[in-house]
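Note that chain A is present in both complexes that follow, paired respectively with chain B and with chain C.
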Partner chain A sequence: MGKLIAYRLVLALPQLALVSLLVFFLTYLVPGSPAAAILGAGATPESLAQVESDLGLDQPFAERLVEWFGAALTGDLGLSYSNSLPVSDLIAERLPATLSLVGGGLVFAGVFGILLGVLAALRPGPLDRAINGVTSLGLAIPEFWFGLILSLVFAVQLGWVPVVAYTPLAEDPAAWFTGMILPSIALGAPAAAMVARQTRGAMAKSLRAPYIDSLTAVGVPRTRVVVRYALKNAMIPVLASTGLTLRILIGASFVVETVFAVPGMGELLLHSVIGKDFPVVQGAVLVVAVLVIGVNLVLDVGYGLLDPKVRSQ
Partner chain B sequence: MTVTEKTPAFGKTEPAPPRKRNRHGLVPRLLRQPGTVAGMGVLLLVVLIAVAAPLLAPHDPAAHNYDAVLQGPGVEHWLGTDDLGRDTLSRLLYGARVALLVSVGAVGIAMLIGVPIGLLLGYRGGWTDRLGSRLLDVSDALPGIMVGFTVIAILGRGLLSLMLAVGLIFCMSFARLTRAVTLAERERQYVESAQVAGLRTPEILFRHVLPNLTGPLAVQAAGFLGHAVVIESVLSFLGLGLESDTASWGAMLSLAAEQQAEQPFLPFPPGIAIVITVLAFNVISDGINDALMGGGRTSVSRRFRGTLKAAAAASADGTTAGQDRTGSTVGAGDSSDDSDAVLAVRHVTVALDGPDGPVPLVKDAGLTLRDGEVLGLLGESGSGKSILSRSVLGLLPRGIHMTEGSVRLGGEEIAGLGEKEMRRHRGSGISVVLQDPMTALSPVHTVGRQLCEPLRLHFGLSKEQARARAVELLTRVGVRDAEGRLDDYPHQFSGGMAQRVAIAMALAAGPKVLIADEATSALDVTTQSQVLDLLLELRDEFNMSIIMITHDLGVVAETCDRVAVMYAGQIVEVGEVSDVLHRPRHPYTAALMASSPSGEVTGGRLATIPGQVPPAGSWPVGCHFADRCSFAEDGCREHPVHLAENVRCTRADDLVLEVTKP
Partner chain C sequence: MRSSKNSTKPKALALASVAAVMVLAGCSGNAASQDKSTSGTLAANWGGFPESWAPGAEMEAGYMRVPYENLVALNGQGEIIPVLATKWEQTDKALTLTLREGVTFHDGTPFDAEAVKVNLESIRDGKTAYAGPLKVIESVDAVDAHTVRLNLSEPTPSLLTQLSTRGAPMGSPKAIKAGTIAQTPVGTGPWAYDAKSSTKGTRMTFTYYDGYWDGADSVGFQTVELYAIPEDNAATGALATGEISLTDTETTQFGRIESNASLKHLSYPAIRNNPMFFDRGEGGAFEDVRVRQAACYALNTEEIAKLEPDFKVRSQHFSEGEPGYNPDVTGYTHDLAKAKALMAEAGDPEVEVEMLAAPFNEKQMQVYAEQLGKIGIKVSVQPAAPPQYFSQWNSGRYGLGLGSNDELTPYDWYQAWFAEEAPGNPAHVESAELKKAADAAIAAGASDEADALWQDVTKIISDEALTCAHVAGEELIAWNTKVVTDVKPSTQPWETNAIDYKALRPAGE
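Then we have the complex of A and B:
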């Protein structure tokens, strides 16, 4: 087990280093100088030089790289060009809302997707075809549009939930939960369709496996065979792709949050993209990459716990 | 909206590179898929709309009309207007232009960047590949939309940067797919070119890689075109797309979101347009993939598609289940007296539900298993021996049913019992050992856990008692250090040991009848005879009877008391092993022996059996073996042949088939 964790770490670290390097290089890709971006059109050459030296932009490449990495490792992601606040603080402020949304979407996708997938695998025929139709539609629907429609129907028209609904978890857990229902469904629906398809395939395969017959032949009840044995076997490939699902959810959450006015990282990112606030863009990319790589690491280890073949390697 | 990459069935793999021959007839195959044709039709319509937008649009998409703002659908404005009075229908039609232009441009850019990278990595291999692949892995760490954001942050808004933003999201996936196909081809070519000297690898490589690549690339490209439509709409929705007065579906949705309290109809036209377009691309992508793989969605009944087609032909000939049973006076199959039978199978017909009625897989079969006996059930694959044994266990695959017949276990009828009643007999009355021990045990559960299932279910043992009994059983079947191995997983056992575990599990509840379904076929020869010996020992110890299903005459000769020979769904001969193997009465039995290394038929005409076993559904009216039989006469083909005096052959009395051992 320790070897597995070490092996995954060895794989994850270069990936993280490469992402950081790319993020650092972003600064060099920007047309024009960041100082000009900060100061706007009325900047004098003197003030530009002043800002450049303040930002350390006049330093040699290697020095800037080392400095940037050193700072990033200690959690210092620089200052925002637009309001001079620490990027790490700006991101930390937004992260809980994003994580709430992504978590909600993942739970919805997991529960609903696995349920649909198992049902489809257990009941070939009309139900399977109906579920296939639903998942095809689910894969084609943009999350943000689904969010718009959900909000239109359930918040604007029916008034079941408030239109602008985000409440931090720490403030009021009940209100947080109510507010998260629609955004989580909107975000999780296409992912649920994806999970449902994977589950259906994996479950159909494990239901055909000979061990199902061996167990049934010694008198193990059908429900027990399906739930204890077929499902556990089917969950291995599904769990293996959770990392991918999660990455998709994080990306989509940036858009869904704007529909439901959830104050997450998407809004921050959007403003910094429009305002060319590169430290924030860099910081956000780095934080998300760390998050994704970290979660994948945890998932890989968890996957090892489920699959004895991986564990014993 | 899965914005990162086209997700195939199991998430991790790219569309599988198909072999070259699969490309043959791709377009005709695509045109036979109604879904794909519909998808192409929809797409063609969208393209036409985009091209002809200026002709089709009833209004100028940018014309403001403050007298008609935020209208619902009406006569003047079919799909209503937005907050500036612009006509929704016209903007929708023009929006198709942006959607298609951006998605085609983006996927084009992605392929232009990705495919050469993939070719390079796959072709060069070695360090280039290792390093390059690490770089490609970076895309695993980021949601695609973040890449898009970053590109727009650097380049600003505009058509080209929009295409680049979306294209860069996809290029990594194209690179990976190309790399995988190239690498696979390279490996293959390396082996082949080692034999064909003089041909240079790069030449062969590119001649083979590019044709193999087009299929998977088409699948991925079609899927990404759909994704690109969504990502374009996302970016436009967020205000990162084209200028806001350019009509695009995303920008229309952005307005709709602002005005949803005033005019709830606004989000529907652009949203539905996106969904339909994406759906069309996805359906086409799936269709190409299916056509390349040569199959659709997997389902149990699909496996029998070939059989079903044959069945349609057969029913036209008037051959249906049961029709040839008329006059079947003898207990079809094994006609032994069943007074001391542990298991008596009578007149069992098993059929597959076909669109044109049931297709028989086993016809009118009978078996008698006496106390303590080992009965061989001998036949080629496809003869129906496994289906027959499964019908006895009540474990037929979905879509296959026992249509008639009786199965009596210890005098009690078990055919047609419900799931719950059947459960009482499974394990304790009748049990099974399957062919491949590695798949016959769940790979993610310990053997102890699986072994304890029948013990706890049938004897109500506690966890500790069940474990103790499991250790005894494992020790008995010859697993060393049984206690320590209880918590091991099947893959930690060798094939022979795993089969011993499977036997222990089958015997755990003390069955009267054990069906060994090719139980030793997957094992190597030494292990095979050990496991057979074990089964014979256990028969005496557990006081049970065994049905030994096999295609191996040697196994029958070594272990069985009696044997039933099956051919094309029928039992053709039954008897004591010594009689049958010494003096076969059915030409098929003789042919089987002649083609087996252990025996030979005099006359030399049957050294190999010409032709093939007719598939279910296309069985002849008369003798099923007639077309391959050297002794067949016209009379053999005219009427159904019944089992008489334990042999199903009209000429049984005329023929003397002698097998001599060398």
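Then we have the complex of A and C:
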């Protein structure tokens, strides 16, 4: 297991470097100068040149890239063009909200997706078809629209939860939990549908396997057969696709957060892209990449725990 | 039937359990909102927060005018009125301001000439869009504690107006020097930022500042909370539940607002836009005034105004009562025959131009292209992402542009777009007649005859068809009458999200 973790860690480093290089290169390719975005329509050529010089934008690409990489390795992601604050501080302010939202969505997707998938596999026929219908709906409904409907019904009409969703966990855990219910459901519903379908397929395959018949024949209780053996084996492909689910959740969270006024990374990224605040864009993408790669690492370890063949490979 | 019954079971069970959690945990949200309406708290939503609260940073009025005040303001008639400066005297070379005594910033720092110097120098030397108009201030002298003199590089009749805008609020010099003001606003306004009661990214709380120079009776609310709900449907929902008291909104929300007896809305003109003929240089597509005039007659402003529910047709940039407004300027009423005649008179030149468009204005540009196409002017609309659009639309690479001209005075408007060296005049051409009229108006400084001279300038700009087809978008504000009354726009014109905060009163008082 130690070898697996070390191997995955070593693989993660070039991945991060590649992502950073790609983002840096793409921001370099974007036409127009950030100085023009900062100074607006009334900027003179002299003031534009001055701001470009102040921001180091008049330096050669390679020099800027090396400087940024060197600083990033020490945890310094630079200063925002728009307010001169450290990018790492801006990201640190937003990251807890995004993690709350993505975490909530992932938990909802995992719990409800697995539950529905297992139920569908165990009860072929009408229940299976009904769950299939629900998951089709779940995959088809856009998170944004579903979020609006949830907000309208449960926050506006029924008043069960606040419309303004987010309270930091450290400030008030109960309010944090209450606030994150609807956003998590809105974000996690399509992912739950995806997980349910994967679980159903894997579970049905597991339940048809000869060892299940053997276990049943020797008198192992049905619940134990389902949970201890069939479900454990069915979880291997589900877990393997969780990395993809997470990436989808992070992307969708940027949309869902606007519906529930969750102050996450999405708004920061959007404003930074529009305002050509490249240090923030580069820093935010790097942090998201670290998150995805980190979670994939954890999943790989989990995959290894579930499947001994992976450990030996 | 059986299958249908069975299929709903798990779903119902799931919803019931979610609902149960919501019932148990959701009560606190409602209680909080009820407290607000009885505790003198105004909860305003403008859809986000400024990236920086430093004076001179891009800050919409809805945020800026809670903790900050300006040296002067504009009243509803376009006249300068005192705020932190009580008197002023302007010459071609200097603007001398007498400052209000007994004013302190929220951190206890006295508001004096030195504070004004720090603020104006910080804005002028900053990397923001508001630095440009203050570049005319060569130096700032603190004559005494309550008198400050701004030494000017050239006559600048619009400087007082500029000092009234959101580009020139007064912040604590201590906080500016410490570099903390970007995240922690410290002004002289009625409400001081309360970091402890705020939640970063969600809610910023401002409580009444006991040392406020105008006294507690000048305001209605003890506390102002600013929220960042970017989505209009969610904001309307929060308004209906009383979670927020006031919000900016869109016409798409009017149905929900008007169906709720507690909610009201108002609108006022806030955003102007008009096409700009950039390619006016020698051999340029719009060099010939007849081609520009033909284009103006071909543009059907009535049709353009239908693009957005809140667009209104205007004859010129300035409104009646504003400096520069000329009643003789009637605009170019759509007349295709006249447009074609002018093109024929110009020799039916082949005119092909490109126009850069962003997602938020591409539709309007496509209408321009279609209408101009009827007189043979070919406009190719090039879609671009906002970052590219903002940095290139007026760079001179594109012959035609759609300007959002926010200048408040004819001096600023002329200097920004039409003077030979104006940043918005990439061809750097100016007619002798316009230059002569503008020079005369500038020389008249702030004298009584200046306004008539600026009216001449705006007439020439219209006659030369340097721009036309003016429309203005409205800012829409909605509020919950159970929480707040006396909602009216600020007297400061052409500001988005602007509300007269000091006039607001809690409902039932």
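Quick note on the criterion: the second predicted complex is superposed on the first by the 312 of 313 C-alpha atoms of A that agree within 3 Å, B and C clash if a C-alpha of one lies under 4 Å from a C-alpha of the other, contacts with A are read in each partner's own complex, and residues count from 1 in each chain.
Assume a contact is a pair of C-beta atoms (placed from the backbone, for glycine too) under 8 Å apart; a residue touches a chain by one contact, two chains touch by 3 or more.
Quick caveat: nothing in here was measured; it's all calculated off a predicted structure.
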item	value
Partner chain in contact with A:Leu215 - chain B first, chain C second, else both or neither	first
Touching partner for A:Val301 - first (chain B), second (chain C), both, neither	neither
Which of chain B and chain C A:Phe177 touches, first, second, both or neither	second
Which of chain B and chain C A:Val30 touches, first, second, both or neither	both
First, second, both or neither for A:Ser151, with chain B first and chain C second	both
Partner chain in contact with A:Ile5 - chain B first, chain C second, else both or neither	neither
First, second, both or neither for A:Ala252, with chain B first and chain C second	first
Which of chain B and chain C A:Arg197 touches, first, second, both or neither	first
Which superposed partner A:Ala49 touches (first chain B, second chain C, both, neither)	neither
Doubly contacted chain A residues - partners chain C and chain B	30-31, 148, 151-152, 156, 258-259, 273-274, 276
Residue ranges of chain B in contact with chain A within the complex	1-4, 7, 9-12, 134-135, 137-138, 140-146, 149-150, 152-155, 226, 230, 233-234, 237-240, 253, 256-257, 260-261, 264, 267-268, 271, 274-275, 278-279, 282-283, 297-301, 393, 395, 398, 419, 423-428, 430-432, 434-436, 439-445, 450, 453-454, 457-458, 489, 491-492, 502, 505-506, 508-509
In the complex, chain C residues that touch chain A	2-4, 6-8, 10-11, 14, 18-19, 21-23, 25-26, 28-30, 32-33, 48, 51-52, 54, 57-58, 127-129, 131-133, 179, 182-183, 199-203, 227-231, 233-234, 237-238, 240-241, 243-244, 384-388, 390-392, 394-395, 403-404, 416, 423-424
List of chain A residues in touch with chain C within their complex	30-44, 47, 51, 54, 80-85, 93-94, 97, 112, 115-116, 119, 125-127, 129-131, 133-134, 148, 151-152, 154-156, 158-164, 166-168, 171, 174-175, 177-178, 181, 185, 258-261, 263, 267, 271, 273-276
List of chain A residues in touch with chain B within their complex	14-16, 18-19, 22, 26, 29-31, 124, 128, 132, 136-137, 139-145, 148-149, 151-152, 156-157, 190-191, 194, 197-198, 201-202, 204-205, 208-211, 213-222, 228-229, 232-233, 236-237, 240-241, 243-245, 247-248, 250-252, 254-255, 258-259, 269-270, 272-274, 276, 278, 281, 284-285, 288-289, 292-293, 296, 306-309, 312
